[in-house]
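Shared chain: chain A. Partners: chain B in the first complex, chain C in the second.
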Partner chain A sequence: MDIKGKLHELLLEDKVAIHLNIANGFFDVNKSVVLTWILLAVLAVLILFLTSGMRVHQPGKRQLFVEYATQWLRGIVGGILGEEAIGYRDFITTILVFIGGANLMGLFGIVPPTMDLNVTIAVAAVAIVMVEAAGIRALGLKGWFKGFAKPMAVITPMNILELAIRPLSLCMRLFGNILGATVIMELIRMAVPIVVPLVFSLYFDIFDGLIQAYVFVFLTSLYIREAVE
Partner chain B sequence: MLNISIANIIYTIINLLILFFLMKKFLFGRVDQILGERASEIEAAKKSAEQIREESQAKIDDYNAKFAEIERDRDRLMSEAREMSGREYDEVIANARKEAARIVEDAKKAAQVEARRERDNQATQLENLVLDAARKISSAKHDEESDRKLYDEFIRMGEQEDV
Partner chain C sequence: MDLVALGAGIAVFTGIGAGIGIGIATAKAVDAVARQPEAESKIMKLLLLGCALAEATAIYGFVVAIMIKFA
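Then we have the complex of A and B:
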């Protein structure tokens, strides 16, 4: 298979997994959504396993791990959010786990769900709705509208544009990075099928995937922090 | 890959919300519960320890206050006793001096009385002697020899009286 064929397969394949014969295929379920279902199932089992039989005294290794990991992740997010926006910590942590988990699926030879633009759009939409909702909740509707004219009235158009630019940049950055990583991995696999892909997989699937999840969450948290101040 | 499907965006949002509620309920909820219980236990232990500390501190303060009071009492009693003993000593000394002075005075008086009585006694004896001598002279015959004998006897009596 040549490079062109590979790219064609990756980018233009039929991504519909479940075809529903209503509304002219509007409700068709994509492969990426099915993959996120799998991710959800795996996470659910993992969480239920890790948190089962938790004790106040003499916690086991499993409990110590889950307590430490949970507080660590929340600490990362909470540190960026700051005191005022700490209430959004758990939701942002969930986004971190969702994107991180989705990106790591590439490790198992699965095309990551975050390589589907619809998934990244969805996550970015949720994120930006949260940012603006946080702003409205903290400042009131009036204060939120006034916020567009800050720090000076001249940049009001810029601030309004940001409403669209922020989610767009969030979703495109994530999508582009994962797409790029996957394409490069496929090309490396084509060129050198053994050993080398393993090394690059460490970078592209683990490091880059987690970095992108962190970047997404970092920016969202910063936006929220900025919105509530 | 690049076509956008509103339905799939909504599916993903629903997935994300499901994951959030899952994590909230089973991960954060449980962890928070455990951590909260642990924290409240630690808080309770801290509180009781603090209470015990306060109580013992109060007791120590109480004891210290009592001890100080006892020391003050002791000092007061000691000084009182010292003062009293000093006063008594002075009194005793003064009494003793007075007594001694009285004794000396008495002794002086007694000595004077004794001396006067002795003198009176001697005078009386002398008187008697003289009277006796006079009587003997008047009653006896007067010759030179008997006169001499009388003088001698008189002198001897006087000597005897003196001894």
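Then we have the complex of A and C:
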């Protein structure tokens, strides 16, 4: 058993999938990006399949399932967002589906794209830009700037720091959890190749991945709700 | 002496905080369910969320340890 070699392979392997001969490989396409493309293609095909042939009268089983699932996801997200920020519901649901799908890729023996720090940083950046944009849209630029001095003027530096801390904690939490789960799963697979990984996979791949997607979405919704108030 | 391994080991001490936090959260959740069994599903949801948030500190320690060791 070579634990060290396995860890090296997981953490320090060459992450470039497509090498482009421009600007010293600055525009190289990483494996995680290709995996994200695959995920997007799968999700797109799935959505096209599920939403095809919708009818107002006498809906089929597939349509009922889609409607139920959509209502359920929207209900989860809408409950956190509250009345005022309900317009951001579909954006948040999209993030939930994307991160959930990405985390579940570990089930198929693929390294999840969320294990790459670049992907989680991108998602966290999108989320924080959306949070601040929501704040500016709801309060106006002046109101948004005034929001930094709330509830007291003394706390302003903290509020400005939060602009950086929030996305950092969002992306690090997601990245760390998925990295930890993948490393532990690989180690278990190395120690006992049969049956045992199946049980642990239930927790580390399915439960942990979905919980982390939910936590990410929960925090983003909470920030948006706080920003528009 | 390889002090890098020692540093990584110290970084993983963040697990103590997460353990205590999740322990307290679970204890309170058990308390709450014992008082109001009908609110179990709501408490369960909050507990899972709280645990995932408390776990984050341990994960930060783990990430730092991995970074010290490999990056």
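The criterion applied here is as follows: the second predicted complex is superposed on the first by the 228 of 229 C-alpha atoms of A that agree within 3 Å, B and C clash if a C-alpha of one lies under 4 Å from a C-alpha of the other, contacts with A are read in each partner's own complex, and residues count from 1 in each chain.
By definition in this document, contacts are C-beta pairs under 8 Å (C-beta built on N, C-alpha and C of every residue); 3 or more make two chains touch, one makes a residue touch a chain.
Everything numeric in this text was worked out from a predicted model, so none of it was measured.
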* Examine A:180 and indicate which partner it touches, taking first as chain B and second as chain C; both and neither are also allowed. => second
* Could you tell me if A:11 is touching chain B, chain C, both of them or neither one (first, second, both, neither)? => both
* To do: For A:84, decide between first (touching chain B), second (touching chain C), both and neither.
  => neither
* Does chain B (first) or chain C (second) touch A:55, or do both, or does neither? -> first
* Please work out whether A:162 is in contact with chain B alone, chain C alone, both, or neither, and reply first, second, both or neither. => neither
* Touch check for A:71: first (chain B), second (chain C), both, or neither? -> first
* Asked: So, does A:125 touch the first partner chain B, the second partner chain C, both, or neither?
  -> first
* So, does A:215 touch the first partner chain B, the second partner chain C, both, or neither? -> second
* Scan A:98 for contacts with chain B and chain C and give back first, second, both or neither. => first
* chain C-contacting residues of chain A that also contact chain B -> 11-12, 179
* Structure fact -> So, in the complex, the side of chain A touching chain B is made of residues 10-13, 15, 26-30, 32-33, 36-37, 40, 43-44, 47-48, 50-51, 54-56, 59, 63, 66-67, 70-71, 74, 90-91, 93-95, 97-98, 115-119, 121-123, 125-126, 179
* Going by the contact rule at the top, pick out the chain B residues touching chain A in the complex. => 1-2, 4-13, 15-16, 18-20, 22-24, 26-28, 30-31, 34-35, 37-38, 41
* Asked: Along chain A, where are the residues that touch chain C in the complex?
  -> 7-8, 11-12, 169, 172-173, 175-177, 179-180, 211-212, 214-215, 218
* To do: Enumerate the contact residues on chain C facing chain A in the complex.
  => 48-49, 52-53, 55-56, 59-60, 62-63, 66, 70
